[in-house]
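Chain IDs A, B, C, D and E follow the sequence of writing; residue 1 opens each chain.
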Amino acid sequence: MVSPVHIVSIGLITAFLLGLGKKSQQSILVLVLLIATAAMTMISGSWLIGIMTGSVQPTDVFTAGFKPPFAINLRMTMDEAVLTTMVNLFGFLTVIYLFDVLKNAGKHLLSIIVVFLIGLNVIVMTRDLFNLFVFLEITSIATAGLMIMIQDSKSISAGFKFLIASSVISGILLIGIIFAYSYIGNLNIDFMSNLSLIKGGSVAVFLVLSAIILESKQFPANGWALDMYESAHPAIGSALSAVSAPAVLFVIYKLMPIVPESWHSLIGLFGLITFTFSNFLATRQGNIRRMLGYSSIAQGGLMLTVVSMSTFFGNSFWFIILGFLLTNFFAKAGLFWLNGMVNSDDQNKWGVLRKRPVLFFLFGAFVVAIAGLPPFPTFFAKWEMIMQLANGNGWGWIVLILLGSIFEISFLFKWFGRVFHAEEEKINDIRTPWFKQVPVLLFGAALLATSYYFVEYLNFDVLFVMLPLLIVTVFFAIDFLPAFVKNLLLIASLTIYGYLIYPEIDGNVMQLVFMGVFLVGGILTLIPGFTQKGTRAGFYPFAAMTIFGLIMLVNPADNLTFFMGWEQMALGSYILILRGKKAERPAQQYMLFSAGGAYLMLAAFGLLLHFAGDTFFGHLNGMLPGGGVVFVLFALAFMLKAAAIGLHIWLPGAYSEAEDDATPLVSGVLINSGVLGLFWIATAFGPQQLFGYDIYQIMGWVGAITAIGGNMLAIYEEDMKRLIAYSSVGAMGYIIFALSMNSKLGLLIALYYMVLHFIYKTMLFMSAAGVIYRTKTRNMYEMGGLIKSMPWSFIVVLIGIITLAGMPPLAGFAGKWMFYNAVVMKGWYLQGTMVFFSGIVAFLYLYKLIASVFLGQLKDNHRKLKEAPFVYLLPQFIFVIAIMVLSVFPQVLLEPLATIIPDRIPGEALHWDGKLAMTSFGYWNAFSVMSVVIVMFAVIFGWLVYHSRKAQKVKQFNIVFAAERPFRPETTHVSYNMFAGYKKALGWLMTPLATRFWTGVSDWSMAIADKMRSWYTGNGQTYAMHLLLYAFVLYLLISGGKIL
Amino acid sequence: MVVIILTIVLGLVMISMAVTALTAQRVRAAVLASGIVSLIASIIYLLLAAPDVAMTEAAIGSGLTTIIFFYVLNKIRRSDV
Amino acid sequence: MEYLTLQNIGLVTGFLLILIGLYGALTQKNILRIIVAFTIFDAGLNLVIVALSYIKGRVAPIIDQTTGITNLSEKFVDPVPQALVLTSIVIGVGVTGVMLTFALRMFKTRQSLDINDFKETKW
Amino acid sequence: MSIDWIKLLFTLLGLFIVLNYGLLQYGMIRRITARIGKRIGMPVYQPYIDLIKNYSMRSQITHGVMFYLGPVFRLAGGVGIFMFMPLIYGSYYWSNYSFSGDVILIMYFMFFGMLGMALGASEGGHPYSFIGISRGLSQFTTVEVPFTLAVIAVAVQHHSFSLTEIVAGQQGGIMHWNIMTNPFAGIAAMLAFLGMMMASPFNVVQAPQEIPIGPPTEYHGTYLGLLQTNRAILYVSESILMVNLFFGGATNWIELIVKSFLVFFWPVFVGLVFPRFRIDQSIPWFLKLPLILGIIGIFMV
Amino acid sequence: MYKNMFIIVLLAGLGILLGSFLLTHHANKALPELPAYYADKTASEVGAANVVTAVIVTYRGFDTLGEVTILFVAASLIAMFLKTSKAPKDRHPRPSSVILSTAQKLLFPLIVLFGVYVFTNGHLTPGGGFQGGAVIATGFLLLLMANPQAEFKHGLLNFIESISGTSYVIIGILGAILGLGFLDNRFMSLGELGTLFSAGAIPVIYSLIGLKVGAELSNILHHLNEVQNEA
């Protein structure tokens, strides 16, 4: 094994020898550099592998042959091996990436690069404080040299700001070092463990530590760093983010043993503040490189937290830090490199990236990885971090992390959405030479591999997690195939998967029901996809991701699996929504709300750990005393997905702007995940109180208001899909209400309604998709009279709306009937009446839906329309059959559903006497009702047919219209603003308070962020002052105002 | 004792030179003043039994740095015209 | 009077230089003056380090006829800070040189040396 | 399930009685209305003549399937309400098919006919049908709220949604009637009933003046006959529902007819006295007094 | 002004911090373990008479390597930054005075010689590579001042710089292979304390450092000088 010191010696020899090169030999020089970095990588890599496999023992290199503290020693353990390998590998790839630049730059730049790498290597390995100082200085100067790779005025002044800052920092560091020496008599970190115990010694520790913390670019003393990120060449930006920052953080890690225990959490807090606020400020950043800079700094802050609290995190420390470190390393480097290829800091110009599907995919992967969504390591790391913090009651910390994360998601996905939708630049084609692609591809692959190892490490269930992930991966790999093949494959794999897991969940009705909804829903909603031509690139992997994410929710082994499935589903559906033509903003909203919900849930999981230990929240058996907060957090999270009023504003946009045939999946199927969660907490937690209020009571009201609100909003929609989307809000309100009744009947209603809503909503959306597919418009007032050309779709909608309205004899009535019984038993008359009212309000929009679209006057441009394609109709009719069966034999569904509900839930259950359903209040016989209705209907129909058998078919236009013939269909189709009178009367009910509230939140946060951003004046001197100020404040907080 | 007084005097001169460097009207004077600060520092180093440091400070800190300063100043002054 | 040692004088002078240097670096508007301030800052730092190495009544750590070769640890001042200062001085000149070249180039782009004129990247 | 043929026979007989009663009642009401308006009015048997005439009309047109089915839905809805309602308390045969479901079923079955009619009329392609229906539905939403509150109040009071049980609970004199035991709920329901009947002042939906040619114009002949049949049955059925809910039900046909006539007369009476509301006036109206009464009613229990 | 007050407050804080050091710090009466070890063991272990040199070149040799690297990277940066454009040079320079050019011819070899002396005797007397290098650079400065327009073969400077730097590292590696560790001076004979050829590899290393530093500093000066000639 080559001694690690030779990383340095090889590098230095190269650096020095490069000086001999001539201008004409530049290519050879680059090659030499490449070989040198490769050799450096190999040395550190061999140590890494050796230590990992155990074939090599970690070692200390004693320079000059003297034992420390008499001489400087370099250490090579697992930690250093990882970091040096990162540094050197990165250097190697940077050389490749910069091939064209280096070929034309002078030899000096080559030297500077290699010296930069050496500096970082030594920073990582050395155990001597002063040596650290020296190599920090080397790195600083080399960084300044790299800054001026582009010699424009921006980067020059940024470089100068950096020099000022680093002078101040190194001054502080040097004072600290010399103080330390004067107290303890040596310079080796390993011999300083009791430095802080000596009187005055903690001042030295403080100075050293604060210098390194400042070097790690903590908010808000980091303006210089931001300016560097913004103006440096992207490859250099990536170096700053991917290797400089980790190396400095590692120094902090090295210093931690000499830092008094009581400081740890304060430093951690400072790191967390950086994380939160940097992400917050990044939300207002349009310049890509600066935004990435903010993001890098934020990640650095988070890592600082972890590092400074390594003792707190104990055994999980490595897991957490590696998760953040590696993700940030691969992803941030990748993003910066991509920036270099796109060669623009304008988000709008990034559209060109779409011309390179692989790069675009990697771009997405990087963004997602940084955002901390599964299956990337950050996700698991964040999870573990929150859990550990929760264990230690660090609630404020969790709040900060989650806040920061939501800001992070906000700007990252705003960016992603913009790139997804930005106009492709027609003139400028993206130039992606191989040497620029190779590093990105490699890092992309490495990121995925890392994710794989993280997932592997966590030992997930094979059938319920690993297999789905595998399938999703496969769909990424085969994305080049034609759409119909992939559609077939996905349907087939879902079917086979269903077959495989059936034995696993057989007998567990709950799982069967939800698995059924998700799997069958997934399969059926995919069928219309057969009309798609081309490859439909990017749809199927995410459809698979969504569906399998949902499936993971059904039988999670633990909270993590559940959360992972949840996030995976959110991500998949986000992409599905984003694919819609005008979906940029709605998708962004969806992502934000999803993330908000997910983080609330994460907080809830943390709290749960505190209350109930490491149990899956759905398996808690009943009472969780004092768990009101947990319950509320969970409830909020799930109600976000279920779009309870106030939290619903994402829904209409997201559902309506998604691709038409994807809408059923993201709405009808996906929304049930919220119900699943709510059901679980409702059954698992038992009644809960918060500040003395019964939470169920509040949830009941929320449900009732949601039901009314959703339906009220639906009335005035002219857009077909938005109308159905709002109707989902209403339905969810209904379900939330039913769940919060917390009685056997209530839960039964919720479950029943969940299934039913799934059926009819999917059906309606599909039917709408069929109509839109033919008419090419979503505005209902532009349609009309389509019953003639699309009778089958009409039937589906008719049955759908009868079911939705809960009219007997169809299945919807069962829900309404049970609902009354449950309400009366519970005594929630007012809320119940509100929900009932909402049910009637539903009539308005249902009528509008069916009448505007299918009835009335056929428009001229629709005269030649055909029925919706067969593949659209097929799943719809499968649903119709399901509804019919349920209408006649509701017990088929209701009886199994009733077995899910645990016995401890209070209230009376539904009794069955043959076909007669009974409660102590009422009774109802679906079969009999159906029979009576059918007979009646048939008799009257027969009578009519008999009587008007010779009825003459006339044109729709052939009407008496105040003695005038109408001349255009539009004038006789009174569809626009149909319920004007209603609006006049009750329009005040739909004052968009929620929208106003959220707009206000967004406006205010933007304004605050802008205000805060002005802290970074751009003046290097001010930045230097920030550094001192930061140290000053840190000192005051650490010492409590006294002299240490 | 003499040494101490000498040191104090030198220290005072150093500080006054440092202040001069910050307050001098012309940059040239400021640079010179800071060179003198270094120079005096090297004398103090000698007094503090650090001849190696004294040499280095004199040659590099005081000498070379000042020269580099003047090169740059010269260039800027010339461009200024 | 007991505080009036060579070491303490050195330390106080050094500290004052550090503060003066920092003050200058933070308040001067001319880039060159900022750099000058930093050299003063550096000089202060070095002085502090050397002062710390001093022990009253001892000699420079060079073995010659006067010192002999025994019991040197009771005759010499501390050599370590001196070695550190040497490094620090060299680093100082490197950094100063780099900063000055930056200043030169900045002057070239803007024809100005006012630090306030170089704020094209901010927020 | 074996079919109880005798019961079916009784039910059909009941239906026949109710149909005739309904037609006569309608004629009578029209006549009374006319008299109050100092007109002579049509003969009491006029509805019969209309019905026969309509059924025997030969020329028929249709605008499409749903147009065709509209009246069928409508009549099926009307008949259904009748079928699911127990007529005479204590009589097995006159309880119709009420074993199929309770008062909730009836409440929801009202929508069945409405929806069918609305769809059918819409396919007629007439612009005013959209307007009429939108008004009707709008008004209906608020009408139902106090009514529902009243029904729930009654159900809670008798601990049952079964109409038979509710009637049973009201036996034993006028003081046991729900209108007496829970007057607020009763009044709320009676106010809502005004809206359900769509009589003046809540008849802007059908609006004989502003929309002179609503659905009935497009529906003619047999279609209109079906609609008229339905009107006869539905109005009586709804009255019977009110009787059952609040006026102690009936133990024999006479009682039933008298009570239901009186109940039916209530909206007629109001309609004669009050001018018509616009739709945006009627909607808030129902959400004021009737709603408050309904809420009080429910908390009276 | 407001800002300056604020800065003064900040610096006052720092001042208090530093002042606290003055109060808590007690002047050493005896050397701590580490420097005592150096003082006592240098002669026998390293063989250098100048303990500071021993510390710089051997005990903390790795620092010194870094130090050289700093100068190197600073010189590279300056070279890269001030890469003179191909634009025509200033055609009307001030001719240097006769005195200066004569003095240069006379003094340059002497100065260089003195520099060489300083660094070859670094292990015996005060002085060493850095000081010597600076001296050599001063000589070079004289050269530049005498002929500001002169086109130097700075290839030579580069060559010296590269070779001496490379040799330095290689000697370091030799120390690791033949001796006990990287930059160990003891793979060469320690010789007799106080003589020129003593202290193992220290004189060699210090000479190389001297050459390298001299070349680097000269290079910096050279580039700065080039800029002067730029239009």
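General observations
Everything that follows uses one rule, which is that contacts are C-beta pairs under 8 Å (C-beta built on N, C-alpha and C of every residue); 3 or more make two chains touch, one makes a residue touch a chain.
Computed from a predicted structure; not experimentally measured.
Taken together, chain B and chain C share the touching chains E.
Least step count on the touch graph, chain B to chain D: 3. When each chain is reduced to the mean of its CA atoms, the one lying nearest the mean of all protein CA atoms is A. Centroid distances built from C-alpha atoms place B farthest away from chain A. Rounded to a whole number, the gap between the C-alpha centres of chain A and chain D is 54 angstrom. Chain E has its Cα centroid 19 Å from the Cα centroid of chain B. Remark: chain A and chain E have CA centroids separated by 54 Å (rounded to whole angstrom). Along chain A, residues 130, 134, 137, 141, 144-145, 148, 151, 175, 182, 187, 1025, 1028 each make contact with two or more other chains. Within chain E, the positions touching two or more other chains are listed as 3, 7, 11, 14, 18, 21, 25, 32, 34-35, 37-38, 50, 52, 59-60, 63, 66-67, 70, 73-74, 77, 81, 126, 130, 220, 224, 227. The complete set of chain-chain contacts reads A-C, A-D, A-E, B-C, B-E, C-E.
Within the complex formed with chain A, the chain C residues making contact are 18, 22, 25-28, 31, 34, 38, 41-42, 45, 48-49, 52, 80-81, 84, 87-88, 91, 94-95, 98-99, 102-103, 105-106, 109-110, 115-116, 118-123. Against chain E, the residues of chain C that register as touching in their complex are 5, 7-8, 11-12, 15, 18-19, 22-23, 26-27, 55-56, 60-64, 69, 71-76, 78-80, 82-84, 86-87, 89-91, 93-95, 97-98, 101-102, 104-105.
Interface residues of chain A facing chain E in the complex, by the touch rule stated above, are 3, 5-6, 8-9, 12-13, 15-20, 61-66, 69-72, 74, 105-106, 108-109, 111-112, 115, 118-119, 122, 126, 128, 130-131, 134-135, 137-138, 141-142, 144-145, 148, 151, 175, 179, 182-187, 199-200, 203, 207, 1025, 1028-1029, 1032, 1035, 1043-1044. Contact residues of chain B toward chain C in the complex are 3-4, 7-8, 11, 14-15, 18-19, 21-22, 27, 30-31, 33-34, 37-38, 41, 44-45, 47-53, 56-57, 60-61, 64-65, 68-69, 72-73, 75-76, 79.
Of all residues in chain E, only 3, 6-7, 10-11, 13-14, 16-18, 20-21, 24-25, 32-35, 37-38, 45, 58-63, 65-67, 69-70, 72-74, 76-77, 79-81, 83, 158-159, 161-163, 165-166, 169-170, 172-173, 175-176, 179-186 touch chain A in the complex they form.
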